[in-house]
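Labels A, B, C and D are assigned to the chains in the order they are written; within every chain, residues are numbered from 1.
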Amino acid sequence: MGMIGGGPGAFIGAVHRIAANMDGQIELVCGVFSSDAAKSKQAGEELFLAPERVYGSYKEMIEKEKQLPEDVRMQIVSIVTPNHVHFEPSKMALENGFHVILDKPMTFTLDEAKALQQVVEKTGKVFCLTHTYTGYPMVKQAKQMVKSGVLGKIRKIYVEYPQGWLSTFLEGSDSKQASWRTDPKRSGIAGCMGDIGTHAFNMAEYVSGLKTTKICADLNIVVEGRQLDDDGAVLLKFDNGATGVLFASQIAAGEENNVKVRVYGEKGGVEWQQQDANTLMVKWLDKPAEIYRTGTGYVSSYASHNSRTPAGHPEGYLEAFANLYRNFALTVRAKENGETPKPEWLDFPGIEDGLRGMAFIENVVKSGKSEQKWTTFDI
Amino acid sequence: MGMIGGGPGAFIGAVHRIAANMDGQIELVCGVFSSDAAKSKQAGEELFLAPERVYGSYKEMIEKEKQLPEDVRMQIVSIVTPNHVHFEPSKMALENGFHVILDKPMTFTLDEAKALQQVVEKTGKVFCLTHTYTGYPMVKQAKQMVKSGVLGKIRKIYVEYPQGWLSTFLEGSDSKQASWRTDPKRSGIAGCMGDIGTHAFNMAEYVSGLKTTKICADLNIVVEGRQLDDDGAVLLKFDNGATGVLFASQIAAGEENNVKVRVYGEKGGVEWQQQDANTLMVKWLDKPAEIYRTGTGYVSSYASHNSRTPAGHPEGYLEAFANLYRNFALTVRAKENGETPKPEWLDFPGIEDGLRGMAFIENVVKSGKSEQKWTTFDI
Amino acid sequence: MGMIGGGPGAFIGAVHRIAANMDGQIELVCGVFSSDAAKSKQAGEELFLAPERVYGSYKEMIEKEKQLPEDVRMQIVSIVTPNHVHFEPSKMALENGFHVILDKPMTFTLDEAKALQQVVEKTGKVFCLTHTYTGYPMVKQAKQMVKSGVLGKIRKIYVEYPQGWLSTFLEGSDSKQASWRTDPKRSGIAGCMGDIGTHAFNMAEYVSGLKTTKICADLNIVVEGRQLDDDGAVLLKFDNGATGVLFASQIAAGEENNVKVRVYGEKGGVEWQQQDANTLMVKWLDKPAEIYRTGTGYVSSYASHNSRTPAGHPEGYLEAFANLYRNFALTVRAKENGETPKPEWLDFPGIEDGLRGMAFIENVVKSGKSEQKWTTFDI
Amino acid sequence: MGMIGGGPGAFIGAVHRIAANMDGQIELVCGVFSSDAAKSKQAGEELFLAPERVYGSYKEMIEKEKQLPEDVRMQIVSIVTPNHVHFEPSKMALENGFHVILDKPMTFTLDEAKALQQVVEKTGKVFCLTHTYTGYPMVKQAKQMVKSGVLGKIRKIYVEYPQGWLSTFLEGSDSKQASWRTDPKRSGIAGCMGDIGTHAFNMAEYVSGLKTTKICADLNIVVEGRQLDDDGAVLLKFDNGATGVLFASQIAAGEENNVKVRVYGEKGGVEWQQQDANTLMVKWLDKPAEIYRTGTGYVSSYASHNSRTPAGHPEGYLEAFANLYRNFALTVRAKENGETPKPEWLDFPGIEDGLRGMAFIENVVKSGKSEQKWTTFDI
């Protein structure tokens, strides 16, 4: 694996490396970790990379790696840069024969997303977008239970992602994270909605299996001086007639990363919350609620496949992230070997999720500005 | 105390009686429990009332009681009928010199609410509307903490009330509760929003101390054949610039009475949920969250006054209800004795809450039908 | 109902009165609330009693009430004095034809308990001992599930009751509660074990249906200067071969009244905790844990009968207490009317529980002093 | 790193490898994964090892690796075999200059433990024993808070570890885990107490900083046919006068790995439970309980150092395990470079913990058989 981005001070780059390392199936062999060559070099050293494979630019990396012997060169590229540097390196990597795993949101604009979709389709390379929360075993259990029909027709979806870390004007300090995430030049047209609203949106569609058709958004800039939304709520309509509520905030002071999803059908509902990630609460109309747990013998194959320890030993965010990497890697290997990947392996977010996520951003910003209640969810 | 309504099969009447009984300060002395005289009589017997004080109509009760000696006749009237029989008996009782405690929502229409407000003001009688959840000690603690300013300026409010009991067409069976609550002739223009949405709305304004100025509502009839909304979500704007999300549902299959409110300020937030009613979670931007608990020594006088047992012995819904009755009764007694009620006693929902609740119903139905996003919250 | 004890500053007397009032089926008609006649009189006034029925001593009360006409005089006596004033008034009340409801622990000594048992048997009066926690609907559900055999043979019991309120030398201040509860002259030979250990012990036997046969106790006086144990732990053996652990403490700083019981059989276990009183967690060997809830349609008749509100509206300590009173009163009324009480009504703690509780106190103190590991649980 | 044990079907071997991999600081370069050479070879292949460095026995591995150039050969040995194969390979590895990380319990007997202690002292090599739970950030926070004195003098410790997986005679099936863990030839003289009781014991001493001086144990074989204890409870006395209760069970049907520790001082208590691993509940005598959380800014340096993600992204069992590996590796590297390890790095369980753990096993078995209540905790 080669990595683009993730140098000093980058939170998500370190997370990607741990996720890739965890199962001992993926080896980091090269990278360009910063636009600053010295910083990149230093990062490479700390990661025990051969100095000649720490590059000065992603272009250089892709070009040079491509020329290495097949059994030496990187096979996959992990891209963990800010949003405005997603499209170009992804495109170039794919077109040069590398499989790509990319941090979300997928691109800077919806147009880029559409263009990337064509590249993925044309090249046939494996593409993964790291919507982490879909990697949790109990989120997969929720999806499978909805899919199986035990809850009946889905009627209502609540999804929320409150955070509090941007309650003050943090971008006025030296916080690298706050700085790029609130900057329209690097994040795009949405702040909170792009950063975490997209996760919430993805969870709603992933667990329910439904597609959003109409939305009504209220976006707010709460902290004075901020350039992008730091809070918002969205009413949703889905393609089967169900409705929903999504809210995300970065000014809910005291909240950590409290993402939660609830999906109700005619007969019952499922509820999952990151702060109790190994539990799926399943509520029923006429009988006691049930607690499904990671690592037990009674969960679906999708949940089991994405778990590493016996029940009661909690698995967390890094394991969920590692599940994306592992499923991506298993799929890559199967494809490279001409084998058919198992359905459980293929259950990772891809280009379609990325496209819908970018459409969410554009639609939610449009709706936020509209005086009309409902706007169609366009792609 | 005399009671109007609350005969056989009525859930809320029994709750009112337990609440009134609990502290041994209020005695039920007369009543009209049903429009069916035989049923009323039977209920009176079961309640150990003197047969001559079980009446055939509320008019009869008010007229006859009024003629009894002052130390014998009822002093307060508790009205627990369906919504369409709220206004007339309240008006008559007040105008005949009785203090009134009334189940919510206050009236059948906003116009009735306005008329009742004038009656209350004119007669100067004490009036209480039973928004139960405001009676919980930890809800009062939340309100006091917001009011004290420790959370900073309030920025965001989430309030929710999911239920699942109307997930099927229960009004097609012999459920008395489902039957009147889904019937526009007895409930009014709103179903879910009138029944529990008003509670959620009241909680948002009660805890935050803010007033709603604009709303954007999505109301749904989910169960086929139903006449009134059984689900809805509302985006809110408040008078200090804060925003909020309110949702309520009666088709969230598997949910009981899961009312929850969260209010966030610049420095922290408070969170309360009926299913863990004796806990108030207080989250802070830069320090550990705190767990405030009913019955402890460190809570505000408003919380202490409304608690009966040492910390750790849970107090529940009936105690919260009894707090409304007790505060109402303490205020009545003080007024009758020419004394000044303590601020803690006066902290019960009254005519203003009722008026705003009815305005919520009318505005939310109007907004639900509107194609415009925001509609002004009019009274 | 007449009451003995429960004057100013008494915590448990007020609780008994609320419990008796709650359902409007029991009326307080007389009492002696303090050994100080003036205090007793004042308490009677505040409770709206006729002055002539506020007595100067329990002897006077029992004698005078007995002479009143049957439809006027008290029918039941509630005794809420400190432990050393349990036996005599109970005996006298029973022997004079009154049914008795008595606060726990039952007597001052085991010998008194045995004597009281004979009185109860001889007089045939109804006797209730207020082990509150057995009144919770979900505790009853637990007992019924164990009894039904769904958990298989019971193997292990954990029961605990940590409190923190005696972490300092509170009896050195003016705390009435701390003062008598730590005083061997008024409490008896045990402190923590008598006050709350007996509750824990009762819960273990009540839920499991088993009887203790051997114990091994470690009792401690942690706070300097204290005269009775304020902390202890007990290993238990039961009559079916199961074993258990019981611990109780009054110096677990920061704990409220955190009583919890867990009973495991071959196939699963039940877990109940007062701080989440409306939930019974049922864990299974090979399938998801289930959450049983108060007020739902799927619980046993024993749980339903002891619940007053729909699911999700929490019922608490006072309701549990009121369940004891209600079941006691229903049984009294049935017996007085020559009817057969329903099994659900008869499910309240009585003389046998009291006897075993006193035996627990004597045995646990004996074991605490013994150098031998196991001592037989003697009665 | 070289590994001994952890071939096909071994649970803990895979866990060790993930833990070692996680931070990209430790590379598995050789191993002997099974006493069956073919199985070992296959495991090595799956782990991408050079075939010549997959050995047939640990002796071979240690001898051959020792002869490799310093920058090629393994530096540390990870030993993950059943208990009866702990001592010999550890001793040999240490004596041949390798640092050792070893699964618990440390040895087969206390005598072996004492012998190993001498080897560690003599060789001066770094030695880590994987008591996983001490690796959790919030367990470290608990220890630091106790140590700081904010809770006052410690008075009471409760520690528990209920599991349910051995509720049936699983060793009669083909479960490799059940088979060796219930076999005295491979596990030693204790079953449940050796496997998980040692963890509970270690937690009690680790968090409190106290040493056990006396114990009173009740060990049980609950499942018919089983050879070693599958359940037990122990009363404890500590060197500062505090007392405690420890219980562990493998027949608590329905429990997963529900380890929990509570430590109370004069002013408050700390409570940690693996099933909510990122929360440390801190309870206070006179003020609201606090919730300390992994990844926040207000925790101690010991907690921060052992955390990888921002607050709210849960870290689990594998991260706790990886913390042991990382601290061990950081210490090894510092020592090899002649640097002084930071105190936070040195905070991993070592030879002293292992020795005390083995003493716990021997003492608890001895006490279990004794008719005397208290036995001295001898080493």
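What we mean here is this: contacts are C-beta pairs under 8 Å (C-beta built on N, C-alpha and C of every residue); 3 or more make two chains touch, one makes a residue touch a chain.
Being a predicted model, the structure only gives us computed values, none of them experimental.
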*Tell me which chains count as touching both chain C and chain D.*
A, B
*A-D or A-C, whichever has more C-beta pairs in contact*: A-D
*Farthest from chain C in C-alpha centre terms, which chain would that be?*
A
*asked:* Just the number, please: Cα centre separation of chain A and chain D in whole Å.
replied: 34
*Determine the centre-to-centre distance between chain A and chain B, using the mean Cα coordinates as centres, and give it in whole Å.*
43
*In whole angstrom, how far does the Cα centroid of chain A sit from the Cα centroid of chain C?*
55
*Where chain C touches two or more other chains at once, by residue number*: 255, 282, 289, 293, 296
*Given which chains touch which, is the overall layout a line, a ring, a star, complete, or other?*
complete
*Touching residues (chain side chain C, partner chain A) in the complex*: 282, 286-293, 296-298
*asked:* Give the list of chain D residues in touch with chain A in this complex.
replied: 11, 14-15, 17-18, 21-24, 28, 47-48, 163, 165, 255-258, 274-278, 293, 295-296, 308-319
*asked:* Per the contact definition, I'd like the list of chain D residues that touch chain C in the complex.
replied: 151-152, 155-156, 158, 160, 162, 164, 167-168, 216, 218, 220, 222, 231, 233, 235, 243, 245, 247, 249, 251-255, 262, 264-269, 282-285, 289, 370-374
